[in-house]
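You will see two complexes here that share subunit A, one where it goes with subunit B and one where it goes with subunit C.
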Partner chain A sequence: MTRRALRLVAVTWWLQLRMMHRSAFDGVMQLVWPMFFATTALLIYRVGGDPDALTYAALGASVMTIWTAISSSASAILRRERGFGTLELLVAAPAPFALSVASIVLAVSTVGGYAIVATLLWARLVFGAHIAPDQPAVFALALLVTAAAFAVLGFLLSVTVVRYRTVWALGGALEFPVWLLCGFLVPVALLPAWVRGLSWLLPPTWGMRAVRAASAGQPAWADLAACAGIAAAYCVASAWLAGAVLRSARRHGTLSLS
Partner chain B sequence: MAAVEVDRLRRDYRQRAGLSGRRRPAVEAVRGISFGIEPGETYGLLGPNGAGKTTVIKVLTTLLLPTAGTARVLGHDVASRPAEVRRRIGYVFGGDRGLYDRLSAFDNLRYFAELYAVPAREQRRRIGYLLDLVDLADRQRDRVEGFSRGMRQRLHIARGLLHDPPVLFLDEPSIGLDPVAARTLRTTIADLAAAGRTILLTTHYMYEADELCDRISIIRGGSIVAEGTPAGLKAGVGAGSVLEVSGRGVPAGTVELIRGLPGVCSVTVEERAGGQVLLVRTEPATQLTARILGCLDDRQIGTVAVRAPTLEDAYVELVGDQGAA
Partner chain C sequence: MNWLRILTIGGITSYRALFGWTSPWILVPSLLVAPLGQILLFAYIGRASGVGSDAFFVIGNAVQYSAMPCLFGATSTVVGERLQRTLGILLLSPAPRLALLLGRLLPVLLNGVGVALFGYLAGSALLGVPVRVGTLAPVALAIAAAAFGCTGLGLINAAIGLRLRDTAVLSNILFGLLLLLSGADVPLDALPPGLARISGWLPLTHGLAAARSLAAGGGLADAGPALLAEVLLGVGYGVVGVTLLRLLEVRARSAATLELA
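Up next is the complex of A and B:
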């Protein structure tokens, strides 16, 4: 069973990437679009002339780009499947629906993974940001775990589209609030107290803290564990939600509506 | 045990009206229908658009929950045991959708083979066999976006057969196909039936149902109005023969006059390119040709033919005006 599930994830991931790769326009947009936001942030922070601030912005922008990539496409995944007429086939297949959706989100997140690396290189080479993590291995792991946390958020967004057709638009609407809430460009400590409560509930907030800590040579494991733990809870909740919204969609007859 | 058992199945659709959330009256798509399909049988569901055919198929393929009643496939309840049902059924629908256009035919099947848990070591052989079966082996590496409607439909059939399901649901599989492609598809379906698969077929094409189905239900407004073999349905329409008169400019009053003749069961007028076709169904053992033609002006008559009732005649009589919905 586990082997079969892994095969499904691998084949879905590969074929979804192939589909993205085959549309030149989509492919270029996926690669270039996140860079616009990162560049804007770097240009703003460069004005102050503070190298530490530029590094702060570079790290934040790199994580920001993966959210940009995931939020715009993860919530549109099932809308696209509806458009193709394949959503009903995914549901009618014996494979667990949540696993099928998670596999597709993973492919989207892979493109987002590229965005992290590209943004760090962009910040280093074009803006001269100082990016030399004191703990490179922990830094890389923190980026990976944060990317996975974003993928889980994308999974959560995408499954809700099964029942509520217009939720796909929420992905775009959540893009900027999450930048703020998770402390990508502005420290969470500067946010109002009631907003900080929301920030701590989002796994990328902890991932961002871990990335910054690993970069500065400070202890990062607690933040990393918090990020992984909360993301795991989101994952379980999303998998449950996938089953619940599917039952609801079968009851209300919304699967084939586009 | 029947392969498919539907018992007093009802399915309503409730809709909310915009932001107010106010509920509109529920639409009763299926109103308590019952039927059974024996293993190896090809069963047809015929009816006008909106009659409830696709809703029945969606309930049986676990995509919709019944509002009331039960439906079972090979003994498994579609509402409470969907996973068991999904392993045992193939679902094929007509039209352009349901495939990944940017992937090749082979990659489409490879993906669905994973979704349908076809063992890894069997996938390549199974996909190769099915591509041969649907005559797409030489196009397997081409992207689906360049396929014709007929090729797509054949690929759909291959997809539906990947996990070798004993029960197949075919929802208007030949819709939009050209005559040659439709004939090829009918041959494929007939071969599948001959191989012992249980098939539920919905179609608008009467000759297709007549040729393929062992039994047929005619559904109208969510209820079954007739069920039987194609021959039984034809015999049950009450018409001994059908007089087909092609012509033009037949006034409504003349149609009513013919309808009122003793021995006439029903009269329909079909508008076709360049004229009309008057279809007069008459009771058995009646000779009404001369009297019917006597009602018509010579200038209104083209060709005249007398033939036995077809399944389409039975369908039109049973479905009535809704058939044009």
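Up next is the complex of A and C:
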């Protein structure tokens, strides 16, 4: 069973990754689009003249790029399958639907991973941001866990909007709020008090804290654990939601019509 | 009369088609929530970095976001028709091209103005930036000039759409360049000199400068040269766009690539 599941994840991930590499929008844009925002933010911080703030922005800008890939692509995953005419097949297949969707989101996150590396290099080479993590292994682990947390958010998003026809617009609208709420470019402490509660509910907020802590040589494990724990809760909720939404869509005959 | 009918009815129909014939509520996430998100993001970056004021970022991003409907909408004049399989029919029809084109561009331009005005007012209200009622009409004029410039650039993008399949990517790149180089968030004197020189030749830059001056209570006489520069740039981009459209249409017809690009 585990072997079959792993094979499903691997094959789906590889197939989707290859498809995305053939698409200028899914492949190139996910790298270039957030880079404009990262560069603009870095230029603003450079005007401020504080090298620590520049490093802060560089780390945040690199991690936030992954959300671009997730919010725009993951939200439209099921719409795309519907467009291909494969959504019903995916639902009817004996393989768990949630696992298939999660594998697609994983491929989307992988493309976001390229953007993290590209933005870190961009910030280092063009802006001279000081990026030399004191704990490289923990730093890399924190990046991976944060990317996984984003993937879980994408999974939740994709199954939540299965019956929403114009989901492409929703994905784009969620991009900036999440960038702001998770403290990528602005410390969460600067946000209004009522907003901070929302920030703590999002696993990437904790992942970002872990990335910054690992970079500065501070303890990162508590933040990392919080990120993984909240992401796991989201994952369970998403899997349950996927089943509930699908049952409802099948019962009402809205899988392909919604 | 027929000219006016094609312009108005054709324009409104085409505008509705931009949103896939779905409910106008589709405007809310893409053209109301997203610009507000961008305004808040950069206003808070400004606060965190100690650069610029809330007013600087509110008007900068509100006006810059007018580029989104203008670039994408103008591009859809060609690409949308191709997706609906109506481009060939449209080009073969005896309808006057100018009425067809203006009918499609005017709603897009007005949409850009509406989005920017909403962003300016809602962003100001959320961040506590005072807005003087007397400056609203002049600011709207500057926004209209900026939207006009962006629509001109969008027309060039539309023409490229006759040769390029994935124009959404190009539209996004143009939007990103305008974000970076128009002075919306990064003061022009903080840009590297080479980029600052390019900035003066892009739409939006002058319109944005005029909007900032007018919002601060400056007179039309002060903002006049910037407004004129923006309109002239818009005309220039528009002329290049129409010429490119014509040239690439002829080429697409002769090479039978109208539906294949």
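In this section, the second predicted complex is superposed on the first by the 250 of 258 C-alpha atoms of A that agree within 3 Å, B and C clash if a C-alpha of one lies under 4 Å from a C-alpha of the other, contacts with A are read in each partner's own complex, and residues count from 1 in each chain.
Quick note on the criterion: a residue touches a chain if its C-beta (ideal position, glycine included) is under 8 Å from a C-beta of that chain, and two chains touch if they have at least 3 such contacts.
Because the structure is a prediction, the values reported are computed rather than measured.
Of the two partner chains placed by the overlay, neither subunit B nor subunit C lies in contact with A:Phe127. Contacts of A:Tyr114 after superposition on the shared chain: neither subunit B nor subunit C is touched.
Counting residues of subunit A touched by each partner, subunit B versus subunit C, the larger count belongs to C. In the overlay built on the shared chain, the residue A:Leu255 is in contact with subunit B alone; subunit C does not reach it.
Within the superposed three-chain model, A:Glu88 lies in touch with subunit B and out of touch with subunit C [touch as defined at top].
Within the superposed three-chain model, A:Val47 lies in touch with subunit C and out of touch with subunit B [touch as defined at top]. Overlap of the subunit B and subunit C interfaces on subunit A: residues 23. Residue ranges of subunit C in contact with subunit A, taken from their complex: 19-20, 22, 26, 29-30, 33-34, 37-38, 40-42, 44-52, 166, 168-169, 172-173, 175-177, 179-180, 185-187, 190-191. If you check the complex, the residues on subunit A that touch subunit C are 23-25, 28-29, 32-33, 35-37, 39-41, 43-48, 50, 53, 57, 165-166, 169-170, 172-173, 175-177, 179-180, 185-187, 190-191.
Those residues of subunit A whose C-beta lies close enough to touch subunit B in the complex are 4, 7-8, 11-12, 15, 18-19, 22-23, 84-86, 88-95, 100, 247, 250-253, 255-256.
Within the complex formed with subunit A, the residues of subunit B that make contact are 13-14, 58, 61-65, 83, 86-87, 89, 91, 93, 95-103, 107, 110-112, 114-117, 120, 143, 159, 163.
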